[in-house]
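Heads up, the next two complexes both have chain A, just with different partners, chain B and then chain C.
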Partner chain A sequence: MTGRFAPLLETLTRLRGIRGALVVDVADGLVVEESVMGGLKVTAVAAMAANIAGRSAELAGRADFGQPRFIHLQALDGSLLVAPAARDLLLVAIVGRDVPLGLIRLEMLRMAEHLV
Partner chain B sequence: MTEDIRSLSAQYAADPSSLIFLRLAEALRQRAQLDAALKVARAGLSRYPHLPDAHDLYARILTDGKDFANAFDEWDTVLRLAPQHVGAHKGIGFLYYRAGEPEHALFHLRLAAELDPTDEGLRRAVERVGGGQAVWERPMPQAPPERVEEARAATVSAGDPFAGIEGARDRLLLVDEDGLRLGGGLAGRDGRNVSDEAAAVLAAVTREAGRAARLIELGEWNHLTIEGTDISACLLNPTSDTSLLAAMDAGMPAGQLAYFAERGAKSARTWLERVR
Partner chain C sequence: MRAIEPWVLGPLRTFVAESSTRLTLLMTTSGQVVAQHGFAGALDLMAAAALGTGIVASSSELASQMSWPAFRIVTHQGDRQSHFLSWFDTPRGRWVALVVYGSETKLGVVQVFFDQLVEELVAAAPAEPAQKREVLAADFERELNSSLRALFGR
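So, the complex of A and B:
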């Protein structure tokens, strides 16, 4: 991992409970850059994150919520976290179960602001 | 046939204290302009608080807006003012029928039919609820509970999946798997009703959430939280074939939003068990 988002992703993956972090192109759901642990299906995570972000934006538009700034899909064995960044990028993280999300959320929101 | 609203509005403007408000509000109701109809009906009620027809009209507008609790109260007021009011018996009968209380519905509908034997539609409604023409040979069913609160609770709790929960009308939305609204409602930032727009995509979003959790191997999903710039929402499936959205102003703690959603889901499950 030597791309322009490497320092940011490395900082994020150092936080406790994070199994992987990615920058994803929202338009096609492809990985721009990633830092993940083994066993994680990177392409599936990227595609699903883009899909969920798109659906959430559509719902937020119809329901007049304002632009989505953070999306959290919680499941039995962990969570998918998505912070929409610049117009065409998403900052995505996969975390394990029973992980406190407050700090991770704040870090992702802060990083997403600089992800341009 | 709806009356000409422009003409009625002009008459109303010329003499706001006249009874023309009844016809104007009814015309607006029939054209589904419920906010305007409510405004006119309320103004009329403030001038004629003891006019049964004004309360009856107000109740019908409330029913169209799915505010069954207040509609029940209005029709109850009508029957206190005028115990033989056909419209109020029909209205309360409808609310009981909708609530899954056919015996109580039949009591009011039969009373209404006896008060207005020329109403063929009403006779058919009685026969439909009562199981055919033999209903006229049977004795009148027992009257509903006299205590208003009990009766009101019966109609409201069965008619509204989120009865008793604050925000039931503009912060909680329940849809089926096809995106059809089953209950609750949603208001946008400016207070505009956005329930149907949101309902159309809500089921699809929760389907995608389930699919994403499976494909990423996160196991069964619990909920999806979307933080908007102004409003945040928590989505979940109260049952396998329904989706719920709970909304709060942005900035509220995520745990509080999730709790609100779980509370709505529990209420929705109870309601679904009763109506299915």
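So, the complex of A and C:
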């Protein structure tokens, strides 16, 4: 990981419970940059995160809620967190169970604002 | 959805359902169609097969001229729909896939399920027949018509 988003992703993955973080192109669902633990299929996570973000934006638009600011998909053993950022990018984190979700959410929202 | 080789249908059906693509065409590198989903007419299909394999061949040649490894995937992105072209190796030789998708899915999703399709095709492919039958010019039209019947059911 040596790209322009590397310092940001490193900061995020240092938080407790984060298994991986990536910057994704929302239009294509492709990975722009990633910092992910082994065993996670990064391309699939990126594609699904972009798909979920796209559908959520469509749903929020139809409901007149405005653009989504944060998406939290909670499963039994972990969560997928997505923070839409500027310039068609998404900041995505994969987290385990029993993690400080509030702190991670705040950190991701702050980082997403600077993701340009 | 139609296929010349029935074992292709299962993996192709899964791919189309999971990736939400509009059109899918599997063919050999010479443009012979193996399976198709979504095409309505034989002319469209044959033209798409010829053009798709032509693009793969020319982009591979371009890479070769530049001393780069051959491009595995070529995508053309449009406003309303996009094309995804890729070659892959199977026990039946090298095949080419042409996938047309719209705004209802994403390139990343197509790519993820395409990788799965290739794995499933490779696993499902029966071994190459021991003796390859030579295709003679005299048989060509009959074989073409037979393939079109298989692909369009008429």
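Here, the second predicted complex is superposed on the first by the 115 of 116 C-alpha atoms of A that agree within 3 Å, B and C clash if a C-alpha of one lies under 4 Å from a C-alpha of the other, contacts with A are read in each partner's own complex, and residues count from 1 in each chain.
The definition used in the following text is that a contact is a pair of C-beta atoms (placed from the backbone, for glycine too) under 8 Å apart; a residue touches a chain by one contact, two chains touch by 3 or more.
Source: prediction; values computed, not measured.
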Clash or fit, chain B versus chain C on superposed chain A: fit
Chain B versus chain C as contact partner of A:Thr43, first or second or both or neither: second
First, second, both or neither for A:Arg14, with chain B first and chain C second: neither
Which of chain B and chain C A:His114 touches, first, second, both or neither: neither
Residues of chain A touched, compared between chain B and chain C (which is higher): B
Geometry of the superposed three-chain model: angle at chain A (Cα centres of chain B and chain C, steps of 10 degrees): 90
Which superposed partner A:Asn51 touches (first chain B, second chain C, both, neither): both
Partner chain in contact with A:Ala60 - chain B first, chain C second, else both or neither: first
Chain B versus chain C as contact partner of A:Ala27, first or second or both or neither: second
Lowest inter-chain C-alpha distance for chain C and chain B in the superposed arrangement, angstrom: 9
Common interface residues of chain A - those touching chain B in one complex and chain C in the other: 41, 44, 48, 51
For the chain B and chain A complex, residues of the former touching the latter: 186, 188-190, 192, 194, 197-198, 200-202, 204-205, 208-209, 211-213, 215-233, 245, 247, 250, 254
In the complex, chain A residues that touch chain C: 24, 27-31, 41, 43-44, 46-48, 50-51, 54
Sites on chain C touched by chain A in the complex: 105-109, 111-112, 115
In the complex, chain A residues that touch chain B: 41, 44-45, 48-49, 51-52, 55-56, 58-60, 62-80, 94, 101
